[in-house]
Amino acid sequence: MSSESGNAVAFVNRFRTYVDRGNPIRNMDPIVVFIVLAAIAIAPIAFPGFVAAAIVCLIYPVIALFAGVAREFLPTYLKLFLVVGLVLFVLRAAFIDGEDPLFRLGNIAPTWAGVEEGARFALLVMAISGAVTLFFNLATVRYLMLALELRGVTPRATYVILASFQSIIDLGRHARTVLEAQQSRGIETQGNIIVRARAFFPILAPVFLAAINQTEERAVSLDARAFNSNVPHTHLVMLRPTRPRELVVAVLVVATVLAAFIGSAVGWF
Amino acid sequence: MVNESAVVKFLKGYGRLTIFMMPIGIAINFIGGQIALLLKLPVYLDSIGTILVGATCGMGPGALVGAISNVLNAITSPPTLAFGVLNIMFGLLAGYLARRGVFKSWSKTLLSAIPFALIGGVLGAIITIWVFGGLAVGGGALVVGALVALGLDVNTANFVAQVPMDILDKVPTVMIVFAIIKGIPNRTFAKLPLGYIYLGKNKAGASSKPSGTSVS
Amino acid sequence: MVLAALRGVSFTYAYTNEPALRDINLTLEEGLLYAVIGPNASGKSTLCALLRGIVPLFHEGELTGTAEIRGRNLLEWDPAELSREIGYVFENPFTQISGIKETVFEEIALGLENLGMPPEEVIDRVEQVVEQLELGALVAKNPNELSGGQRQKVAFASIIAMDADVIVIDEPTSQLDPESSDAVFAIIANLKKSGKSIVLVEHKMDLVAQYADRVIALNGGRLVIEGPTSEVFTSPLLNASDIARPAVTELAEALVHVGRPLSRTPVTRAEAAELIRARMKGGSRADRSR
């Protein structure tokens, strides 16, 4: 019992200090992280060819490694590369017409121009996809919403986002319960497509309606928790303020990318 | 009288439930898609919530539900971001059609599958062609590939493949939206921005203050 | 001070035909624990909702008569102010968890954050409530993964933390076992002792008999009787309205019917035990002669 109350004290003490997610990169303000990653992701568009995009795609694993999320990030990113990147590359490389084909395979005659174009496009898509994936590995939606609220975004907006995650869990659970109940009552959910399609309605309509019928109670309950009060809300959880060196890095990255785009516009590359 | 605080605005008038409908709309998009996968149906059924919220709360909330659902999808599959505008359009169109009373009758609702499918099919094809050069990966990619092999050019193949697929997707989608709207109780409609449509009132009458509160 | 004065209040929800409340005349005093009893759909929840202005502001409908809350007409209150003065615990524990907080501790803190309380104070206040309700084992848990009973306690704690003068509680023990129900009522009794006014809906009549100062009995939207707990439970009006009474009161009634009444009709177990003990000591003949 005493260890339990000791744990409770340790738990409560977490709120007396800044959130510590155990890594300096993950402790950064999610909005700063977002800006930096967004800048990096679009940078290769300013450069011709695929080298810049390839470099950017290699930067993400390095950041992931330093942030301690390589284990989560790398498999996802590799899968994206195989499922999306490779397909985009092969299709473009194979079908874009040009002279001097590298080799012929029936109708398909890939050219170096096609390969270049395919690599550039696939890597650009991967540069943006990688940023999105890495961002959600580095930041939690919860702290992102908190950071937005601290910058003046209304709690109603963040409520919608945060509540939708819980709604997905709750509705999913309910739908699966109903699905299992239907199956045990002998309603077919296997078999031919019409049978399966017909099972869709009785499973989902009641689940969705039940959720909608709860909205009134949710509304008054949240109102009872002063959700609609006019005073500015305070926050139990404290995000660490952005450190000067983080700010310097962010500004440098954004300035560099901006310079690249200006350079591209005036024809440096 | 009382000053118009946020609470007053929240408590009075239509739209009180909008921010509570939106998370459910987003969840419905996801769960619809998941159950369609679970039942191995060849359709997405992932825009039920967008159209439902558009039809009951209006264009803005519908578009937001579509946009947020798209961003949440992008967490696991970033390339879907390119198709975000589709979901936004579904929400806008649902709000627009709702104002014209489309979702009050099942036959009009069924017909609404056509404009939804046209947006989904044509705009979807355009994005596929424009962003991914017609060679996007996904459910329709195989069909497109087959059509190209049959001699169609890539662009035509995309349109030909996507519009019928979207009809197949949007017919059950709008019908389940209709079924849900039929099941929403009047007292809930009274708190939704477009609820007046389903209560058979005109907007002016609907947005007035609580009827008959004659407390002296 | 008068908590609420209702004069000739009737309320009919929009889109329904039957009034939920009919011609209610009632005065509630501050600092007392009122229990609202009655069969299902007798208007208990509507009466509670009226005290908070949820009726007729959120759930629209036709309200007639005069409703004064703390000396001011209900419709003249700024709802934000009213919601600060009157806390409200709803019946359904599942819709009361906000769904946007990761831990029970943060869930309880939500109302205080929304009131703009500085974080240090929030922590102290939540810790206090957690101790009071013995929720220590739950603080780090995800509130969305709790059982119905646990959620009910967390919802209760969340409202208590906000420290409103008046607390309306709609069936606080519907999801709880007898032991937890007793514990919750002990907490409610403590709240009253610390000066809060409490209005609660409750079906467990033994608990009502033990803790409530006064009872409001409703049936079909009408006020059957309002008065001190023992008076209400022994009133013949309850019988006529088919409203349940504490088990010991029913027992005493049964004893009257078999011709062996107790010296008076008990409403709490303690009273009953005392009366029965008195009879066992040999007073049965004397009892009967009375």
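Which chain is which? They are A, B and C, in the order written, and residues in each are numbered from 1.
One rule holds for everything that comes next: contacts are C-beta pairs under 8 Å (C-beta built on N, C-alpha and C of every residue); 3 or more make two chains touch, one makes a residue touch a chain.
Computed from a predicted model, the values in this text were never measured in an experiment.
Asker: Select, from A-C and B-C, the pair of chains that is joined by more C-beta pairs in contact.
Answerer: When B-C is set beside A-C, the one with more contacts is A-C.
Asker: If every chain is reduced to the average of its C-alpha atoms, which one ends up farthest from subunit C?
Answerer: Comparing chain centres, A lies farthest from subunit C.
Asker: Using the average of all C-alpha atoms in each chain as its centre, how far is it in Å between subunit A and subunit B?
Answerer: Those two chain centres are 22 Å apart.
Asker: Could you tell me the distance, in whole angstrom, between the mean C-alpha positions of subunit B and subunit C?
Answerer: Distance between chain centres, rounded to whole Å: 42 Å.
Asker: In subunit A, which residues are in touch with two or more of the other chains?
Answerer: 159, 163, 166-167, 170, 216, 218-219, 223, 228-230, in rising order.
Asker: Quick one: which residues in subunit C touch 2 or more of the other chains?
Answerer: Residues 58-59, 80, 83, 99.
Asker: Spell out, as numbers or ranges, the residues of subunit B touching 2 or more other chains.
Answerer: Expected reply: 5-7, 11, 16, 23, 185, 187, 191.
Asker: For subunit A, which residues are in contact with subunit C within the complex?
Answerer: Within the complex, subunit A contacts subunit C at residues 4-5, 7-8, 11-12, 15-16, 142, 155, 158-159, 162-163, 166-167, 169-170, 214, 216-238.
Asker: Touching subunit C in the complex: which residues of subunit B?
Answerer: 1-3, 5-8, 11-12, 16, 23, 185-187, 190-191, 210-216
Asker: Using the touch definition from the top, list the residues of subunit B that touch subunit A in their complex.
Answerer: For subunit B paired with subunit A, touching residues are 5-7, 10-11, 16-17, 19-24, 26-28, 30-32, 34-36, 38-42, 45, 48, 52, 64, 68, 72, 74-76, 78-79, 81, 132-133, 135, 137, 154, 172, 176, 179-180, 183-185, 187-188, 191.
Asker: Report the residues of subunit C in contact with subunit B in the complex, numbered from low to high.
Answerer: Contacts found on subunit C: 13-15, 53, 56-67, 73-80, 83, 99.
Asker: What part of subunit C is in contact with subunit A in the complex they form?
Answerer: Against subunit A, subunit C makes touches at 52, 54, 58-59, 80, 83-84, 87-90, 92, 94-96, 98-100, 102-103, 105-106, 109-120, 122-123, 127, 130, 136-137, 139-140, 144, 155, 158-159, 162.
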